[in-house]
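One chain, chain A, links the two complexes that follow: it is found with chain B in the first and with chain C in the second.
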Partner chain A sequence: MGITLQEIAFYAVAVCIIVCSVLAVTTGKILRAATYLLFVLFGTGAIYGILGYTFLSAVQLMVYAGGIVVLYVFSILLTQSDKDMKYHIRRGKLVSVLLTTLIGAGLVLFLLVTNGFALNLIPQGDELPVEQIGQALIGTDKYQFVLPFEVVSFLLLACMIGAILIARKEEKKD
Partner chain B sequence: MEQYYDLTPLLNLIHTWLCGWMPEWLALTLEGIVVGVFILIMYAVLAIILIYMERKVCAAFQCRIGPNRVGGKGGLLQVPADVIKILTKEIITLKNADRFLYNLAPFLVILASILTFSCLPWNKGGEILHMNIGIFFVLAASSIGVLGILLAGWSSNSKYTLIGAVRSGAMIISYELSIGICVLTMVVLSGTMDIQAIVANQADGWNLFKGHIIAIAAFIIYLIAGNAEANRGPFDLAEAEQELTAGYHTEYSGMHFGFFYLAEYLNLFITAGIATTLFLGGWMPLHISGLDGFNQVMDFIPGVVWFVGKTFAVVFLLMWIRWTFPRLRIDQVLTLEWKYLMPVSLVVLLLMTVCKVFGLVF
Partner chain C sequence: MEIEIHVIHYLVISTVMMFCGVYGFFTRKNLLALLISVELMLNATNINFAVFNRYLFPGQLEGHFFSLFGIAIAAAETAVAIAIIINVYRNVKHILTDDITDLKG
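And then the complex of A and B:
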């Protein structure tokens, strides 16, 4: 048998991701779309796990599944949303959507056929040590990323201050 | 220190024996199924034990006897009888509810709970999901549960469940921060995120003593936040019966409700288990320096006994808190987290880092 357990896991997860992504955009209810998006993100996390990059897999679960989707769901719960999102789509839009999808699929297939799966390039069954990730994130050598790391943290700080400023109640002036 | 009860050689032996007469992928699949069934059985059995314990402890704190009829004097068969009863109950479907999300929600809650449950270090070599980011994975997996709660509240199509879900959701998201920072504090102290390595680091002294007063502060914050994470008193405002009936799971019946109930008790156990792992040495036996004979006797007690014993001690502590303190209001809950616990835990993290850098910890 030429197929390994890892490959079976990969294909199972990939099918799950594809089905859930399609469902996320075709479903008529906004909360269901968020739930399907959650499954897509689970799948992405699982792919990272299969590649042995468990750190990113956990980050994916924590930031996207446990953070961003929760935020989406919360905002859907707190706002008035129409129960049904069945919009009428015009023909021109439909054709352009189909065209874009086909071109995108063709491009991806072309790349796959010419280059093959990257799965074969990655050492299988190894787990990337977390120390290495830490060194890469806050080192200053080549292929080390302290500047982007700090810039992003600065951006996040600015976002937080902005959010607090917007959410804060105006004090009444007498 | 000697290890008499290391599970690794036994497990390796089973694996090589299986690989001897079947292909490796089949052996791996078979082992995966066996381990999965084992997790589910442990999950159910522990839930029964915890529910019985809760009823007895609650009764003791309220000067009652608790269950005492079914199955002899102690009422030992009360909870198994309840389990059989709940299994036979009908799972109702609601009119005008989102059927798919309504049925999915309990499974999301239980999924998060089981994923974290399988990361607990039961013994040396006795951890089911082992990765070098273990404790971080626990945090990540436990953050899925809140989605189940929110979806349950929304899809039940009732105002009580919706308000209950938003309250529980807001509370769990807030207290996750404190838990995360406390866990980070202990990661700083141990220098690793690997759960087995964190436990192995505590061979010469539990983290609670190694990190002296800072670790104790982190332990207390962890227990408070962990109680909130498990949706238990004094943070069980979702179940404030007078105003919200039963919070987000009001409309659930039968085993769907049972899943929420199971997850609540197992989350209690997991919170206690992680506290044991991070602060109380996991499966490490109690050692007192200088008393060599005593230490040797302690080594003969298997690691799993130590782990379960310590965890149940912490569980008892959490139940004690639950049945002692009155319930908080939602604004009090959020104030406690954002104005007190989170700043304090940040300071604790900073202090621990400083101590670790200057070698002030043991």
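And then the complex of A and C:
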């Protein structure tokens, strides 16, 4: 059997993600880093879509690519960052960072390859129905998630209040 | 009709993304760039949850919901962190990690 369209899409997305995530941490300009982050997030949404989790993909696009990146861009524009981020890093630190990263990545990749995952195949174009997600989100039975749902909503409320409290201007007391 | 992509291919993507985040977290000095690296790491873990759920336990939904809640918590974390960074900028006029030394005493 030849290569299907979804596999081509997957490998294109994979290359895009890897290249953009390397560029996002090595580029010199912070606005470019945010843009590369945006492409990484788009790619992640595409991977969720390929897996069949279209709802998760939509949430990823809305929350991350729509919300968080806009927040980043506005805060980059609000704060005065240096034009290029080529800071001097000590050679010893740079060597240790590179060693940590490369050895860590090598170790994880070695463990993944030698673990021997079975070649499970997932059906193509079989998306998770939204009704099932909704039922699982508001149910109280086993494998249903109403408690974390409520806890997350409370966390979002608390973080909204906290963000407003932290970021507002100090009132002048007279 | 099935997609013939091995699980490892997804995991390699998330590993590369994770260690890019680690590298950026160690080398960057701008607070916003640090936050971008943290986002990369969070994203890599979310991919792992979804992939393991889909490939190894296709009848269940735990990994899917863990990624969903992970996205929500990442949004909350980013909002608070950006509020703190803007406040730091208002007080210190810089957002480099070298300049923020007030709490060191």
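In the analysis below, the second predicted complex is superposed on the first by the 148 of 174 C-alpha atoms of A that agree within 3 Å, B and C clash if a C-alpha of one lies under 4 Å from a C-alpha of the other, contacts with A are read in each partner's own complex, and residues count from 1 in each chain.
To be clear about the criterion, a residue touches a chain if its C-beta (ideal position, glycine included) is under 8 Å from a C-beta of that chain, and two chains touch if they have at least 3 such contacts.
Model, not experiment: these values are computed from the prediction.
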{"item": "Partner chain in contact with A:Ala46 - chain B first, chain C second, else both or neither", "value": "neither"}
{"item": "Which of chain B and chain C A:Arg32 touches, first, second, both or neither", "value": "first"}
{"item": "First (chain B), second (chain C), both or neither touched by A:Leu5", "value": "first"}
{"item": "Contacts of A:Thr54 with chain B and chain C, given as first, second, both or neither", "value": "first"}
{"item": "Broader residue contact with chain A after superposition on the shared chain, chain B or chain C", "value": "C"}
{"item": "Which superposed partner A:Leu78 touches (first chain B, second chain C, both, neither)", "value": "both"}
{"item": "First (chain B), second (chain C), both or neither touched by A:Gln132", "value": "second"}
{"item": "First (chain B), second (chain C), both or neither touched by A:Ser21", "value": "second"}
{"item": "Which superposed partner A:Gly66 touches (first chain B, second chain C, both, neither)", "value": "first"}
{"item": "Common ground on chain A, meaning residues reached by chain C in one complex and by chain B in the other", "value": "1, 4, 59, 67, 76, 78"}
{"item": "Touching residues (chain side chain A, partner chain B) in the complex", "value": "1, 4-5, 29, 31-32, 35, 38, 54-55, 57-59, 61-62, 65-67, 69-70, 73-74, 76-78, 127, 129-130"}
{"item": "Residue ranges of chain A touching chain C (in the complex, touch as defined)", "value": "1, 4, 6-7, 10, 14, 17-18, 21-22, 24-26, 30, 33-34, 37, 40-41, 44, 47-48, 50-53, 56, 59-60, 63-64, 67-68, 71-72, 75-76, 78-82, 85, 87, 89, 93-94, 97-98, 100-101, 104-105, 108-109, 112-113, 117, 119-125, 128, 132-133, 136-137, 143, 145, 148, 152, 155-156, 159-160, 162-164, 166-167"}
{"item": "Interfacial residue positions of chain C with respect to chain A in the complex", "value": "1-13, 15-24, 26-30, 32-33, 35-37, 39-40, 43, 46-47, 50-51, 54-56, 58, 60-62, 64-65, 67-69, 71-80, 82-87, 89, 93, 95-96"}
{"item": "Residues of chain B defined as touching chain A within the complex", "value": "23, 25, 28-29, 98, 100-101, 104, 131-133, 136-137, 139-141, 143-144, 146-147, 150-151, 153-155, 162, 165-166, 169, 173, 176, 193"}
